[in-house]
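Structure, as structure tokens:
Chain IDs A, B and C follow the sequence of writing; residue 1 opens each chain.
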Amino acid sequence: MRANVRQGWLAGVGLVALGAVAVAIVQAVLSDYLVTLICIVLIYVMLTVSLQVTNGLTGLFSLGHPAFMTIGAYVAAVLTYPAQRKSFMMPELPPWLATQQWDLLPALLVGAAAAMLSALIVGFCVLRLKGHYLAVATLGLIIIVRVVINNLDGYTRGGLGLSGVARLTDLWWVYAWTVLAVYVAWRIKHASLGRAMLAIRENEMAARCMGIDVFRTRLLAFVLGAFFAGIAGGLMVHLVTVITPGSYGIALAFNLVVMVVIGGTGSITGGILAAVAISLLGEALKPFEETVELYGLSQVLIALGLILILRLRPQGLFGSAEPVFLPHLRATPQVSSSS
Amino acid sequence: MSQYYLQQLINGLMLGSLYALVAIGFSMIYGIVRLINFAHGDVLMIGAFMTLALIAAGTPWLLVAPVVLLTGALAGITIERVVFRPIRGAPQVTGFIATLALSVMIENGGLMLLSPQPRNFLFPDLMRTRVPIGPATVALTDLVIIVTTLILVGVLMVIVRRSRLGIAMRATAENLAVARLMGIDVNRTIMAAFALGSALAAIAGLLWGGRFGQIDPLMGLAPGLKAFVACVIGGVGSIPGAMLGGYLLGLGEVLFVGLLPPEYAGYRDAFVFATLILVLLVLPNGLLGRSEEERA
Amino acid sequence: MLEITDLHVRRGATHVLRGVSLAVADGEMATLIGPNGAGKTTLLMTISGLLPVRSGTLRSRIDGEMRSLERLPADRIVAAGIVHCPEGRQVFASLTVRENLLIGAYRRHARDDLRADLERCFALFPILAERQALSAGSLSGGEQMMLAISRALMARPRLLLLDEPSLGLAPRVVETIFEVILEINRAGTTVLLVEQNAELALEVADRGYVMETGRIVHSGTGQALLDDPAVKQAYLGIAP
């Protein structure tokens, strides 16, 4: 067992190091556009993997990631915004805030904290109830966040959107946070917390009889997902440098659900693969959509694909398991998987 | 009662009527298959666009409403057959995902085929005549909306409470297996529930378009979600509850905008969904709902 | 009236019925007893069309000739005169007593005799007449059983399938119910009775079947099974 854990550690560190080398090469060699694209894809990976913990492992149906992204993004963007133009762009900001100009990391963390707080509030109200309440409550949260930001235009520039956000994100930042997200998700899944989550997903009553605090575990999964979504939002806004209240909306929520389902609800590797495939597909189809003037085509195709998967292979790529060729990365004995 | 408040009351009843129409259909579907139909709001959009198409084709107004009802019913039956029936008995999550995907498909299909540009839509001039009620004057449109809703809901209640189909629907909603043992064709009964509920949503689309003047492919999203809020307020799965919830929500929204200073008017949607979350915390079964077991 | 030959039924991955064969003659009162999990309820659910048949035949006399039931959906089986009164009573709690009875008659096309049939049910169980307008959920366990049986009767069954009518009821109530069941049988309705209360069931039955793990292991007249020492020991709690 000892040797196994050591092996797992080494394999993991090896993978990360390999990835770091790849990042260095990519940054040096590829064009700006491609590097940005890779950043976006990795951010989607981060979003999907964190949603796997909430929706996939624990069986919740949260559509809230875009709301948490928006919160994290706006908070971080306001904090890092160049101080000279801040009071001009956002006139109602209190002076102590308007003169500040933060670095990326603290801004990201505060943004994510704000996202976690809203998750805590909503989750507290809703997570004791049946699944569909969370689904609609999180959709409602997307709308609440959009409306509030729209109306607080003295602080956020409302519908005009915030442009000129400092381009602080680079591939290293994205890579580091994505690795962290994957690591956290992986460790949770293979620890007793992950097993508790799976138990809740499969049979809540039985889980409760085993002494699992269902409400607290759900809340934890929900808030944790919100944290990474907040970070993702912060990273995204500092990559594309613009944001409007509707930037991250219901369409994104749906696409994330698709990634989770196609990857296999509860499979981290599956989530990663699905996120990469689908986000690349979306980006590839965008120029086509514009030339043919059929806006919404990629969404229709994705939705169609999802319905087909639900009919033909409802467990997605990997079900709840990780692919068999990754035994060395498991630090603990195999979790019993259910597809 | 002062003119202003009376005006607001009528506005609230009008909006509430629209919400009630959508919420009742939503509740019927939820009651019988225990699944949220995320695409229900999109049926409203289909009704609105069908109205536009009929008007453009020169159809006399008297025919438009029945055709729209029929369109809604057909849409509902199609949705049931294509999406809901294949997943009957599957875990609840599959249901969410499937109806969410359906909604995305319908909305984006609309965007693709109809363009995101809002279209205009006018009721005949007659509707703009103002009718005096007490100290206020009310557009005929608003009265028509309220009265139409009450009539349609009345008819529906008669069907549900008294007719053979209604009793079959209530039995199927309560216990599908035993309903089959009674010799009820549950497939047809469920289809009927979808047809009736969706017909109401489609008519709501006609009324909505005529009242607010503009329609676009994404117009159904917000009313669909608000219908759910109405159901939660009134009690999920209960038709009178959906109606009550719809009217309370409509009145609440209008009062919110009417009573607070104008700078808060933009927050009305946030208010609606904040109410949802609050009601879920305090009164999860709604005002009239029977208490479901707390969890799935 | 009912012929079952080598019936195999699966529920999910479990092979519940493993070659069940039995027959119920016209006008007979047959009973099926056996331990929990033997498959008795599964058998009734298969006959009434709620579960699909894996293999084997299931036939009943419809309009004079023996027809197979395996492919028929549940509502057509009710139309053919086979009515299943399910385990645990399962009345529609949100409907009134009267509505429950009316829905029992859902399938029938001759609606004019409805009133007469309601009266007949009320005559069998006067308490139901009293409680007509109340919601079925407010009835006691015994009253719900009466309602469930009446509801089944409203469909004018030729064959009545009863799943554990005595379950959870006080002995006095059980007595009343069984008296009514006998009356129904004497009036011409064939009855297939599944029961945990083996002694009571065998006393009233013309023919009995004993089912264990998906197979019929004993059969005979009611009296013969009552006297059979193996049955006595296993199901009647009587020491040899």
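Criterion: contacts are C-beta pairs under 8 Å (C-beta built on N, C-alpha and C of every residue); 3 or more make two chains touch, one makes a residue touch a chain.
Not measured: the values here are computed from a predicted model.
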Sort out for me whether B-C or A-B is joined by the greater number of C-beta contact pairs.
A-B
Please find which chain has its CA centre nearest to the centre of all protein CA atoms in view.
B
Where centres are the averaged C-alpha coordinates, which chain has the largest centre distance to chain B?
C
Just give me the whole-number Å value for how far the CA centre of chain A lies from that of chain C.
55
Using CA atom averages as chain centres, what separation in Å is found between chain A and chain B?
33
Cα centre of chain B to Cα centre of chain C, whole Å, reads 43
Contact set on chain C toward chain B in their complex:
48-50, 73-75, 78-79, 83-84, 86, 90, 92-95, 99, 102-104, 106-107, 151, 155
Can you check the complex and tell me which residues of chain B touch chain A?
35-36, 83, 86-87, 90, 92-94, 96-98, 100-102, 104-105, 107-112, 116, 221-222, 225, 228-229, 232, 266-267, 269-270, 272-274, 276-278, 280-281, 284, 292, 294-296
Which positions of chain A touch chain B when the two form their complex?
59, 61, 63, 122, 124-126, 128-133, 135-137, 139-141, 143-144, 147-148, 150-151, 204, 250-251, 254, 257-258, 261, 265, 294-297, 299-300, 302-304, 306-307, 310-311, 314
In the complex formed with chain C, which residues of chain B make contact?
164, 167-168, 170-171, 174-175, 177-178, 180-186, 290
